[in-house]
Every structure is written in structure tokens, then in C-alpha cells.
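The letters A, B, C and D name the chains in turn, as written, and every chain counts its residues from 1.
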Amino acid sequence: MIIRGEDIIIKTISRVLVPFIQLYALYVIMHGHYSPGGGFQGGVILGASMVLLFITHGYAEVNRKFSENIAVLFSSIGVLIYSGIGFLCLLLLGNYLDYSKLYKILSVDPAHARSLGILGVEIGVGFAVMAVMFSIFFDISTGGVSPDDEEEAE
Amino acid sequence: MMSVMTIVSVLFILGGLFFFTTATIGLIRFPDFFTRLHATGKGDTLAVFLSLLGLALYEGFSLTGLKIVIIAIFMFIAQPTATHAISKAGLRFGLKPWMREEDRK
Amino acid sequence: MNNFLIVITLALCLLVFVVLYRVVFGPGVFNRIAAISAIGTKTLVILIIFGYFYNRVEMFIDISLVYALLNFIGCVAAAKYLETEG
Amino acid sequence: MEVTLLVQAADDAYRILENARGQAVELLNTATKLTSDTRWMEEKKIEAVLMGAQKKKSSLQNFVVTFLMLFAFWALLSGKFDSFHLSLGVVCSFVVALLGHDLLFANVRVGDIRVIVQRFLAYLPWHVYQIVVANFHVAYLALSPKMPISPKIMRFKTKLESDISWVTLANSITLTPGTITIDIEEGEFVVHALSEKLADDLNTGEMEDRIAHVFMEADHIYIQDVLDVARIFAEFR
């Protein structure tokens, strides 16, 4: 039902737009090797969609979907994917992030392996950027103390 | 030799440029914040819509043209909402709307 | 057609400079936000026209859509911030 | 003697009539109260039934519909229809739908979605016409040297019910000549109009009626309107 007196217009519009923005961000990440963009830009858009959800629906709604702990976890996972692919290339007797060496374990030709490696790195970068951007916004807007902690302290 | 489609798209883009110009003049000339929002909120919406539609027609009926139409629809939804958001913040902030002298009494 | 698009781009750039007057001298922060939002809408049209110059329209459309998204989100975020602070 | 009897009889008759009228009024009052009570209860019951039904099927259905819409959007964006990119699209739409299936369809109203889409498409031409008129109006005001405006702020209550129709109304007001929606305070639209005449145009409620028609909100028939009790009371008094 309509809650009278709340800013219902911005809320409804952002509610409808956020899933499409998130899908667009994933599109930018996944097609990074054909079109402009890539991990960083897509991560920024994904983070921006989360920020939009935060400023329109408030802390509780976002915390239910994507809490700060998960954001920290995601930023670590993103860096792990990136550096993991890099070290995998080192183990396969190439340089750091020398994707074409990945063909030895992927059973495809080197050019295709390079494309897949770039895709993996971009997914990692996207996750890391999104999570870090979101947690920076989180910290700024809540003053570094999440409302849950305050409730527990009381 | 220009095709009919090109001429139509040129007309659309010129229309978009005209409304961009009037919106800009309105933004400069109008007396206060709320009246300026009238100019940007309405003018820019139709101007962007017309110019993007013209560019999409010039591109032809392909996936790229459809993507341009998606941007146009997005602007169509987002621009009034952004206008509403700023004007609401201005009103809550305490900006007083400009009135004519005779209306103030 | 290319010459026509160049003329349109130049005209839009001129309009951006005119709007820049509001950004620099506009009394109060709200006028500035409204003017910046207006600049964003003009920029996204200019970006797509650039795509025709470089024959890479589909690439510039992606950039332009991102520009539109961030323009909208930035506008709403600034409005919300000023609403709570004021 | 006879006169007093007559007067007494008239008095009695009057008292009896008065009594009867009092009783009748009381009866009718109870009747109206009952009708309003039953109406309230019926509404509650229908609402509960609808809520229950919605909760049961909504979660999965919303998820599926969101997923399909997002996947169509992905196909439009991507433009590459080989199996690798399509499977990427399936994974991405699945993740986004999982996160946001309660966002897209948060407050669904009951109504035939096909009819709503049809009526919305029929509403668009009028709206586009209004937008064009609005833009020429702004162009005229911006270019005219004297700038004939006398802005005022007006408030009005709306009869619309669902939030999507409120949003449509607010955005339509912003795009039509000379008016922008500034705020919604306690169910009241606060509208900034450029002149008195434009505000009056809005007050006629034509746009509201059209939007109510689009979102099927004009189709309600309340019991109160059919059973017009007030007129019967007026007859009695």
C-alpha cells in the first residue's frame, strides 16, 4: 500500500530501474573485450545501482539484500580471482597475466584462452570495484558505524 | 541524393536542437529556481527524445537503433523524476518561489 | 550528412557553454545542480553523434547510456543529500 | 370541550408521528451503519483473500517474469546470439532476478495486465501531444521579451490509489504545459504552476480521469454510491 508522505515517486522509479541498471552493469563487465568498459566501469555502475537503492530505500532494505560483510567478502573474492588468474599464468611458465598460456588447462586454442582469461580478470575487477565502492559509500553515509552495531551497544 | 529517411531524421534533429536552445534560453532568463526547472524538465526531455529518435532513424532499423530508442525511453522516465527530486529538495530546503509583485499582496 | 552533424555538435557545445553560466554564477546550489543535469543531457546527444564520426556507434551508445544513468543517479543523490542536510 | 379534545388528539397524533419518525431515523441509521460495516468487512475479506493468493503464487511468478524480462533486455543489449554469450546472459539475469525479484513487482495491483498495457498505449498519443504543446509554451515564454508569467503554488488531493498511477500522474504533470510536481505531502500533490489559467486546467481533472482509466481504477463501484442514503434522510426531515 502507499505510505502517505514518503517520497513515493523517486522510490517507485528507482525500484523499477535498479534491476535493469544492474543487468546493464553485468553486460558492460561481460562484454569488456569487445566494447568499451570492462571490469572497472561495470563495477562502478553496479555500485551506483546499489547506492541508488540505498539512498531511496534506506539502510534496512539494502542490508537485507547485500550487507556490509558480504561487500567485504566480495572485494576479497574479486582480488582473489584477479591475482589467482595471474599466478596461474605464472605456474604455467608464462608471465604474470600472460593469458595465452591458459590454453594448456582450458583445452582451447591460445587466442580463445586469452579472451576467456580477460573475461575472468574483468569479472574479478568488477566484483572488487563494486564491493569497495559500495562499502566506501556505506561508511560515509553511516559514519563508520552500522545501525546494527548501535542497537547491540544499547 | 538523400533518402526520405535521412530528411526525416534531419528534421527530427533540428527540432531537438530548437527545443534544446529554447530550454537553455529559459534556463538563463527565467527569474527563479522553480521556473527554471520548467524549462529544463520539459524542454530537455522532448529535445533528447527528438534528437535520439532522429539519430535512430538515420541509423536504420537495426539493434543499434533499438538501443538508441532505449536511451530515449530511459530519459523519458528519468528526466521528470530528476526534476521532481531537485524541486522537492529545493522546497524542503526553504527556497521561496518567485511571485509577481501584484500577487504577493 | 557528416557536415550537418558537425554543425549540430558545434551548436550543442555552444549551448553547453551558455548553460555553464548558470553553473558558475547561478545563485545557490540547486540552480547549479539543475544546470549540471541539463549539461548532461546535451552531452549524451553529443556522445552519440561522435559515434557517427568514428563509425563506432554501438560503442558510443554504451558510453552515452552510462552517462545518462550516472547523471540521473548523481542528480537524485545530490537532491537527497541536500534535503537531509538542509 | 371539543376543542380541547381535538387539540389533545392532534397532540397525540403529533407525538405518535414524532415517535415513529424517531424510530424510523434510528432504524435507517442502524441500517446505514450495518451496510458500511458489512462493506468494510467484505473489503477486508476480499483483501485478505487476495493477499493470501498473491503471497502464495507471487514469489515464484515474480521471479520468473523478472527473469524473462531481464533476459530479453540482455539479448537486446548484447546483440550476440551464440551459445556462450546467451549462457552468460542466463547466468547474469538469474543472479539479478534472484537479488531483485521483489523490486520490480513490489506493489502489484489486481488488474488485467494486457488491458492496462493496451490502455497505456492508447494514452500515449494524447500525452505526446501535451508534451509538444508544453514545449512550444516554454519556447514562447523563453523567447517573449515581457515573459508573461505569474507563478503560484497549488495543492490538490488525488483520488488515485496505487503508487504506479501516482508516479504516472506526477510525471505527466511535470511534462504537461506550465506545471511541475514539486512534492507529495500527506497525499496532497504540491504543484508549481506558471499561471492561474494553467492551474485551473489541471484542476479540471481530465488527466487524472485518463490515468484512472488506464490503471483500471475508474471501474470501482462503491456500495455507498448505489445506496444513496442521504437523499432518503433529506425526505424525512
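Points to keep in mind about this one:
Please note the rule applied: contacts are C-beta pairs under 8 Å (C-beta built on N, C-alpha and C of every residue); 3 or more make two chains touch, one makes a residue touch a chain.
Remember, predicted model here, so these are calculated numbers, not experimental data.
Compared on C-beta pairs in contact, B-D and A-B come out with B-D as the pair having more. Chain B and chain D have centres, each the mean of its CA atoms, that are 28 Å apart. Here the spacing of chain A and chain B, counted between their Cα centres, is 32 Å.
One finds 39 Å separating the Cα centroids of chain A and chain D. Between chain B and chain C, the centres computed from C-alpha atoms are 11 Å apart.
Counting partners per residue, chain D has 77, 79, 170-171, 181 as the residues that reach two or more other chains. For chain C, residues that reach two or more other chains under the stated contact definition are 58, 65, 69, 76, 80.
Multi-chain contact residues of chain A (touching two or more other chains): 7, 9-10, 13, 24. By the definition given earlier, chain contacts exist for A-B, A-C, A-D, B-C, B-D. Residue ranges on chain A touching chain D, taken from their complex, read 1-2, 4-5, 7-9, 12-13, 15-16, 18-20, 22-24, 26-27, 30-31, 65-66. On chain B, the positions that touch chain C within their shared complex are 2, 6, 10, 13, 16-17, 20-21, 23-24, 27-28, 33, 36-37, 40, 44, 47-48, 51-52, 55, 58-59, 63-64, 67-68, 70-71, 74-75, 78-79, 81-82, 85-86, 88-90, 92-95. Residues of chain A that touch chain B in their complex: 7, 9-10, 13, 17. Touching chain A in their complex are the following residues of chain B: 74, 77-78, 81, 84-85, 88. Those residues of chain C whose C-beta lies close enough to touch chain A in the complex are 58-59, 62-63, 65-66, 69-70, 73, 76-77, 80.
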